Amino acid sequence: MRTLIKFENIVKEFDGQLVLKGINLEINENEFVTLLGPSGCGKTTLLRILGGFVDQTEGKIFFEDIEISNVPAYKREINTVFQKYALFPHMNVFDNIAFGLHIKKQSKDIIQQKVNKMLRLVGLDGFEDKMVTLLSGGQQQRVAIARALVNEPMVLLLDEPLGALDLKLRKEMQHELKKIQKEVGITFIYVTHDQEEALTMSDKIVVINNGEIQQIGTPIDIYNEPENRFVADFIGESNIIEGFMIEDYQVMFDDKKFECVDYGFDDKESVDIVIRPEDIDIVTPEMGMLKGIIRSSIFKGVHYEMSVETEYRDFIVHTTDYTEPGKEVGLHFFPEDIHVMYKMGTY
Amino acid sequence: MSTFRNLVKPYMLWMGIFIIIPMLLIVFYAFTTKGNDVITVKFTMDNFLKFFDSVYIKVLLKSLNIALITTIVCIILGYPVAYIIANTKQKTQTLLMLLITIPMWINTLVKTYAWISVLSDNGIVNSFLAKLGLAPITMMYTDFAVTLGMVYNFLPFMILEIYTALAKLDRSLIDAGNDLGANKLQIFQKIVFPLSLSGVISGITLVFLPSVSTFVIPKLLGGGQYMLIGNLIENQFITVGEWNFGSAISLIMACIILISMYFTRKFDQDKSENGNKKEVKHA
Amino acid sequence: MSTFRNLVKPYMLWMGIFIIIPMLLIVFYAFTTKGNDVITVKFTMDNFLKFFDSVYIKVLLKSLNIALITTIVCIILGYPVAYIIANTKQKTQTLLMLLITIPMWINTLVKTYAWISVLSDNGIVNSFLAKLGLAPITMMYTDFAVTLGMVYNFLPFMILEIYTALAKLDRSLIDAGNDLGANKLQIFQKIVFPLSLSGVISGITLVFLPSVSTFVIPKLLGGGQYMLIGNLIENQFITVGEWNFGSAISLIMACIILISMYFTRKFDQDKSENGNKKEVKHA
Amino acid sequence: MRTLIKFENIVKEFDGQLVLKGINLEINENEFVTLLGPSGCGKTTLLRILGGFVDQTEGKIFFEDIEISNVPAYKREINTVFQKYALFPHMNVFDNIAFGLHIKKQSKDIIQQKVNKMLRLVGLDGFEDKMVTLLSGGQQQRVAIARALVNEPMVLLLDEPLGALDLKLRKEMQHELKKIQKEVGITFIYVTHDQEEALTMSDKIVVINNGEIQQIGTPIDIYNEPENRFVADFIGESNIIEGFMIEDYQVMFDDKKFECVDYGFDDKESVDIVIRPEDIDIVTPEMGMLKGIIRSSIFKGVHYEMSVETEYRDFIVHTTDYTEPGKEVGLHFFPEDIHVMYKMGTY
């Protein structure tokens, strides 16, 4: 895969506040990349800098190895699906989608043909004459995607495009977006704060917090081997425990030693440990590595979510078998389920 | 609460009578002959027929013509001002709009006299020309003077309305245009201008309608012989004492105004209806 | 585009001059003596000092007093109307508001003459009283007649503003009040009325300010001797030819208007600021 | 548990459309009941009828065995948390919460005391003088809850109160609401279209569609034994298959016979069958009850979501072990994982 876009030390200051603190990032051709982080983390600003709507304070952007930092938005081979769609309210569906082609002065026939193809792709054939303000949220969303894709950009930017839709529709559109990306075969850069969305759609996830990249990796990397406490907490529910390394393959927390698969830390180095709720098994008190009492047990559909009170902390445990609150149980987990991470400077 | 309920209908009735009676009187005068009172009524259509005399129709057409020119000049002068102000910083916007609206709070009469001292034969402009050794220009008592006075008086309203429409334009639409390859000129032509039309239309309502029926400005800047429809009505009531004919003219004017209101509103509703329908769909 | 950029500043400069010059002339007149022209200037404060003579101050106070009464009467009469209309069905609302606003499109002069024919010594009211065998009442040329004419002229604006505020009131707040045990009267006192105050304030702006400086209505219904500040300005310009004094008075009026605007706006901003801050917080 | 509220054949017509088609429902004291259904199903209308904001067209409502159909809203011992909070924008936090107590003309001391208690309960001590318009969505939500609870109602109605909040905050508030309900010990009636929310918080879920109750039961009942296709589909992801009963404990679909635990159907009766994605195991083709080819495999964090193409249909399978797309596999499930349901008349 060829590198398509390269951010080099991007810094952005708004009113004296650092929104982006030196972002370095490479994005490949045909990748589905998600910028994931809580609101205000700078992910949308990074996208808007790439789109050309905001200028970076420092740093350079390269597109196919050519610097585009000073190229105005309307000359970049990038199109955007905006957060609230930003459809032109005074035009119908056809004219909205055809806007970019009209600007490029393409012939009527070609415009007609390309727009019709797009309408089919997003499943809106027959809607060309409707005013966009008459469409439902999901339909407006599709028009916004079609309006961007019809220009055959090399990169499509999507700024929380599903935020305004309700749960059921959001899940449907997730699959559809992924399908469209595969069909048109271009790079998608997707901004969201929803970790489920990120896991479902992405080839590569970039976790951002406080204007800094926390981790870059595939969904599996990010979920299974979070690099720090923030990533572990943000991607799915977690038990996060402070402890320290005794030696390679041995970690200590809650006054007990545990075997683990991590190594290369300093001796006695303080670390954060993550154990996913679904990796903890409920066993008899004698069999457990830690003992505790079940405080609550909530049915969640696929699993029960239990809160188990141990001597030092409450553990969240996901299990498919019901155990009643009040019972004393043991907690068991395997060495590979203990994820040891470097401590963060700030959190 | 029930006593309150019982009062609603008589109260609304009385208010209705209070609001309607003068209207009915105007209609009554328009359709009766002079010298009648309520008891000995003679109905007639003469007052209306009289209006369709070529003299009065000419006055009407001239009024409409001047009002139209005033409106067009206000749009041409006002749109760029509103556009430029809407594109400055927020604080500058507030300041500039305050400056623009100050003349709205000065008496029309006073503002018009100020223009007399600019335009009159020995006014500022001609004094200036004389200093340069140029021949004086007669500007007072011309269509130019009347139009200038009207434009000056109504321009702030036009700027205010267009500015309001531009200020509430969604910035992300401009980003979207940019994103789709449109340069500044294309964005203005295809996005900003069409979406600011509702402001232009409210501006037209606020400029065209009062300029059709104004009588102070044409009287002062056009002179005693200068006759627009507003002066005609004023003359009928004050100078000639022809209340019946005056009432008929003002009814005709009200009809013209209501009809043009209807069309501009319809145009505006066609646009906003989309928004409403959307609401319904989401509910 | 760059040529357009270069035109922005000179264009704004010329527009600024166009808008400012008549304002400057008014200021110039106000601070100079009569008979001056631009070349031989004599500055003076006499025009302002003259105004603080007891005669003119009385006129000012009377104007403010009548405008205040007009405003209060408009609120008292208009609020219930707006409230009742806002609580009818959507279609009835549109129809009733159309009826209420029709008088706005009739020339003030004509409406005022209609009131003359109601109020005059041999007008409708007195003819009616005579039929009942009662003594006639003199109503013309009294404060009552002037106030009535003003209320009639400005009431639709007050109703319109209050109605607009009431119509956009969130219905769920009334549900919430109901839910928390408040009956209709309590909901009105504690929720509806406080939240409609912004409409009342815009109404006050649209009624009080023009009624302070109107001159047509007091002239016709108050008679030639009836003097409000608007008539005083008109007299100075048209009858007496005292432009300097007239300019000074209108500057004083503009100051009074701007100061009262500032306070009403401030009151309104205090409320809307909450909303703005919220926006900022969410961004 | 005592019955507190009884709906008897509630019908509601709006402009000739039947929004509620005869609802019969009993709600007990101290229960957390959720009305769950898609938007437009009538759940909010039912809540508004109970609150007294809308009159039913037909039917009766009883509160502690007394009919309250004609009691106006302000006299009902019920308080509501509205969808968009409906806080009074011209009052500060204290005055909003104190509104109901002021109306009841309680003394200043008592009002002060009760409001302070509520502020502590919802974690807003120190906010009393803030204008409500200055608060964040989550804080406004808490004020709305406090404003309702301070009146010590016997029932609290909540109309999609978390809809306006973002994911993270929503999950937090779910737990907090449940905690508050336990602390104050009153009946909560909660309207939502989010099945996860319903499963997490409720003692009893009432599934509504098209103005009719589809199923009433505990979260476990509803999830594990959906009564029809609609409920199965709405609560969590499902494989829903048409088939028929051969005899008791034996069902046929996809041209194969399967053992099951259901009985009491007519012979050859057409039925809908639900198999939850997490109940299907991926095995070798020989071991499987059905054979198929894996078409896609998406990492979802806790599990992989696979789409397995069999002869008759695609099955969704959730499993924690990755299998690569293209591979031929067998599908295995136990008799107790096959849920047989009566066919719906309309869907």
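Each chain gets a letter, A, B, C and D, in the order it is written, and its residues are counted from 1.
In this section, a contact is a pair of C-beta atoms (placed from the backbone, for glycine too) under 8 Å apart; a residue touches a chain by one contact, two chains touch by 3 or more.
Just so we're clear, the structure is a prediction, and the values are computed from it rather than from any experiment.
Rounded to whole angstrom, the centroid-to-centroid distance between chain C and chain D, based on C-alpha atoms, equals 56 Å. Our note on geometry: chain B versus chain C, Cα centroid distance of 17 Å, whole angstroms. Among all residues of chain B, those that touch two or more other chains are 183. If the chains shown are joined wherever they touch, the resulting network closes on itself as one ring, and no chain has more or fewer than two partners.
Pairs of chains meeting the touch criterion: A-B, A-D, B-C, C-D.
On the side of chain D, the complex with chain A involves touching residues 38-39, 166-168, 193-196, 199-200, 218-220, 223, 235-236, 276, 278, 298-302, 318, 320.
Chain B makes touch with chain A in their complex at residues 170, 172-173, 175-183, 186, 190-191, 194-195, 271, 274-275, 277-278, 281-282. Contact residues on chain D toward chain C in their complex (touch as defined above): 51-53, 72-75, 78-80, 82-84, 86-90, 99-100, 103-104, 131, 133-134, 136, 147-148, 151. Taken together, the chain C residues at the contact with chain B in this complex read 1, 8, 11-12, 15-16, 18-19, 21-23, 25-26, 29, 37-39, 77, 80-81, 84, 99-100, 102-103, 105-107, 109-111, 113-115, 117-118, 122, 124, 127, 152, 155-156, 183-185, 209, 213, 215, 230, 233-234, 237, 243, 246-247, 250, 253-254, 257-258, 261.
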